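Next, two complexes with chain A in common: one pairs it with chain B, the other with chain C.
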Partner chain A sequence: MTAIFINGQSVETGDHTTVLQVALANGFHIPHFCWHPELSVVGNCRVCVVEHEGRGVGIACNMPISDGMRVLTDSEPVRAQRKAMLQFILLNHPVDCGICDKAGECSLQDYHYEYNGETAISGDAKLHSTKFFPLSERIILDNERCILCSRCVRFTREISKSNVLGLENRGDSMLVRPAEGRSLDDDPYSDNVIDICPVGALLSRSFLYQARVWYLEPTPSVCPGCARGCTVQFWHRKAEWRLSGLDERHNTRVHRVTALENPRVNGPWICNKGRDLPELLDRPRATQALQKGAPVSLMQAIETARGLLDQAGKRVALVSSWGSNEELRAFRNSLGDYFTSFVKPDHLPLEGEVVEDDLLIRADKNPNTRAAQDLFGTAAAEIPDDTELVLVWGEGVDFGTLPRGVKILFLGSWLLPENGHADVFIPISIQTERRGHYTNFEGVVSPFEACQPHRDGVIDAETLFPLLSAPGGSASGGGAA
Partner chain B sequence: MKHLIPEFERMKTRLPPGHDATLLVPCLRRIQEDRGFIDNSDIDGLVEYLGIPRIQIEEVLSFYGMLRRKPIGRWHLQVCRNVSCSMRGAERLIDELIGKLGVQPGETTADGRFTLSTVECLGSCGTAPVVMVNEAYHENLSAADLDALLERLD
Partner chain C sequence: MKKVIDRRRKYWNEPTLGWWERFYLFEVLRGFSITGGVFLRNMKRWITGGKGALTAYYPEEIRADYAAHNRGKHVLTQRPDGRPQCIACNLCATVCPARVIEIEAGFDPDDPAHPKYPKRFEIDYSRCIFCGFCVEVCPEDAIRMVRQVPGLPVPDRDHGMWLGREELLTWQPARDPAKPYPPKEGPK
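Coming up: the complex of A and B.
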């Protein structure tokens, strides 16, 4: 076991090989811009300086461990160098935090307050550079704010491997730029660079000027975009910052999605589809129960559904691969005996979407196929012509493909024309309105929490299933199992 | 660039295996020597030959001022304007060339004869002012020397 001393305190180095890694793992904060745990070490920002006693000051991110070495993270020479580095990094920086989306979660801002705190000592006019340079349909670059740490460049080389970005020219004319004729549109993981940029140089166009980050808070969730089930954070307004001057949609909307680091599933990354979940969640919701297209109360619809269940002979259920583990179990426990059940894909790959790759993206575009198939098997749906009742749970079923004359009980969340074509339509809640778990294709179970208010007229599927089989109705077990 | 590949292959034998990307700068220099500048087709050729992404070649081309993406005149006049040369009259030489050739630094005459550039120290401060014409140094130049020199360049 190797041990080193940080600020006089002995710490084990574990598997780590550099002073920065050991320090961070043991709760000593050393500022760093260019170093990132998943990227190669370039050592270009020089703010991570520490003092190796007897050897002088050097950068911690590239300082190898040696047994018994003594390191100081906050000595006088360290403070002086850090300060000088921050002055240097800010030489041509516009300090336009007031209109910068990164303000509030910017390393440069934080380090400036913590380690520099002085106005510029240079009297030279700042150099101007490109603002609003489009790197793709999704991302714009503000070169004046860029501190040339090269994290974004290394991401496209080492992680997404799109090799789109580079650093062109030299010195204070150096610019992050895409290769000629290319753009970040070629990179399905591009938006990660917005997260790893330590400053506000890389900006999401969909989040641009949408909200100051301190009005928002994150709720841990799971991306339903594919069977990887990346863990994510849904950012929405804090309850105390829901303002009467904003409409309901703004007050409750998911404003952005970021990765929730998870070594077992997605590391610190997600794909762009995960970033676009707000669009999926913003689709018009169904909140009205229907009977052959006519509005009825939720209780009335449940009552009618129970009647259908009761009268029908052959019953088939198409189970949602977007149901949570809890909902799937509730279905099996309450209704499993009434139905021959098949798991269906609620979503198929969209046109132009990356179907599968060897980083994260999976071909199955549903979050919980694994858990559903563990309970209901992997067989493709087969609906005999003499079926009398089909329960459709979730999206992805064209009613035209169901046997003629069959009764349809449809559980859905979105405002769709099909809702009115079902014999009974019951509106159910979506992922952001309830808590639960998904099981990804490798069997890793991840939790998600509610972050949007439950809507009137909508019921959780988990609550609904026991009601459909409740003994109050006369439905009896022992149907097709 | 393709006809230079046998030469590049010989350079490769001086490197440990797996370090082909190291050949980028020597290859670019050789291509420039051969063609006069680096063409887009050369970049594509190197992407394939060295197996490195295009952006890394663009980075190198934009970093080194001596690598050119565009053709230049038959005679490339590079006037040093660093401290020693400036103190010994380089600025006057530059003004004279601008007047005579009718182009600004960075430009090529319409007849394709001359390209005028200003450069940093050529490492020959003891014989300032210095003008490099293609690969040759011309030292201790007076305005009259420069006139005579231009006459000889067709």
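Coming up: the complex of A and C.
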């Protein structure tokens, strides 16, 4: 077991190979821009300097450990070099934090206040560069803010392997640019570079100027985009920063999605589909229960559904692969005996979408197929012609394919033309309005929390299923059998 | 016999009226002459320049006893091209102890020097405590407070007490020590 001394304190090195890794793992903070735990070491930013006693100052991210070495992270020469390095990095930086979306979570800002704190000592005019270079349909690059750490370049080479980004020119005029003939549009993981950029050089077009980050807070969730079930964070406005004069949507909307680091599922990455979840969640919602297209109260609809359930002979259920583990279990416990149940895919791959790759993206575009199939089997749906009632839970079923004359009980969340064609339509809540768990294709269970207000007129499927199976009209509150 | 109770209150300063007062007509005329005199004096002062009348015309008129640096209503300053100086950095909204400033930002790629601007800028005067922190924190001298008080009276009660971007941008001094006023290209 190797041990080294950091600031005089003896620490175990574990499996780590560099001083920076050992220091971070043991709670010593060393500033770093270019080093990233998942990327190769380039050592170009040089703010991670530490003093190796007796050997002078060097960069910690590329300093191999040797048994018994003594390292100082905050000695006088270290502080002086760090400060000089920060002055150097800010030489041409515009310092336009006031309008930078990264402000508040920017390493350069934090390090400046912690390790420099002085105004610029250079009297030279700053060089200007491209302010809004369109890297892709999703990302804008501000070359003035870029500190040339090359994290984004290494990401496209080492992680997403699209090899899109490169560095052009030398010195002052060095620029991050797409490689010839390549476009960041072709990288389904491109938005990760926005997160790993230590400064605000890479900007998301969809999040641009939507909110200062300190107005937002993250809620842990799970991406329903595919069977990988990446853990994500939904960023929405904090309650104490509620707006009352502007559009109410600012208060409830998911403003952006970032990865929630999880070594068992997705590491620190997610794909662009996960980033686009706000669009999926912002689709018009169904909040009105319907009976053959006519609006009825929720309780009335549940009552009618119970009637259908009691009268029908042969009953088939198409179970949603977007239901949470809790909802699926509630369905099995309350309604499992009533129905022959099949698991259906709610979503199929869209045109132009990456179907599957060897990093994260899975061909099954539903989050909880695994848990649903564990309960209801893997058989493909087969609906005999003499079926009298079909319960459709969730999207993805064309009513035209169901047997003619069959009664349809439809549980859905979105405003769709199908809603009116069902005999009974009951609006149910979506993932962001309730908590629950999904089981990904490898069997890893991840929790998600509610972060949007529950809509009026909408019921949780987990609450609904026991009401549908309750004997003798308890749904209407009557109680008499 | 039923006792009649006089329920009228007795006042400590119950007037004692002589016959002259009881005669009524002359006393009424004396009353009219006092109110009429004040009315005519105010009217004359108002017609001849509006100074010194006993009543101030709110909100058109500034009360004479407001200090020169009274923190009245907010204004947004303008660039020489007439656009708001504000960069929608939200520092004022963040520092505001009453949390009454709400800004919706827009993106203008055609002006790379000022790409972020306020699409909407709203202040709720029902909660503003007129502390002036917003003015102090602004890195752009984009928001100031002027001597006038906000014109809050409105004919309907649903309007609330919000002042919006349009109104905040109406401030047009003839000149200003810190900024080139009036804007060359007129307000936008």
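Things to note:
We adopt the following convention: the second predicted complex is superposed on the first by the 471 of 481 C-alpha atoms of A that agree within 3 Å, B and C clash if a C-alpha of one lies under 4 Å from a C-alpha of the other, contacts with A are read in each partner's own complex, and residues count from 1 in each chain.
One rule holds in what follows: contacts are C-beta pairs under 8 Å (C-beta built on N, C-alpha and C of every residue); 3 or more make two chains touch, one makes a residue touch a chain.
Source: prediction; values computed, not measured.
Superposition of the two structures on chain A leaves chain B and chain C fitting side by side, clash-free.
Contact with chain C, but none with chain B, is seen for A:98 once the two complexes are overlaid on the shared chain. Look at A:209: by the touch rule set out above, it reaches chain C but stays clear of chain B. When chain A is checked against chain B and against chain C, the one touching more of its residues turns out to be C.
When both complexes are overlaid on chain A, the residue A:168 reaches chain B alone and has no touch with chain C. In the superposed model, A:349 lies in contact with neither chain B nor chain C. The vertex angle at chain A, taken between the C-alpha centres of chain B and chain C once both structures are aligned on chain A, is 100 degrees to the nearest 10.
When the two complexes are overlaid on their common chain A, residue A:243 makes contact with chain C while staying clear of chain B. In the superposition on chain A, contact of A:131 is made with chain C only, not with chain B. With chain A fitted onto itself, chain B and chain C come no nearer than 27 Å, counting C-alpha atoms only. On chain B, the positions that touch chain A within their shared complex are 53-56, 58-59, 62-63. Of all residues in chain A, only 157, 163-170, 177-180, 182 touch chain B in the complex they form.
If you check the complex, the residues on chain A that touch chain C are 98-99, 131-132, 208-210, 212, 214-215, 240-241, 243-247, 250.
Per the touch definition, chain C reaches chain A in the complex via residues 87-91, 94, 99, 102, 104-107, 109, 112, 115-116, 120, 122, 124, 139-140, 160, 162.
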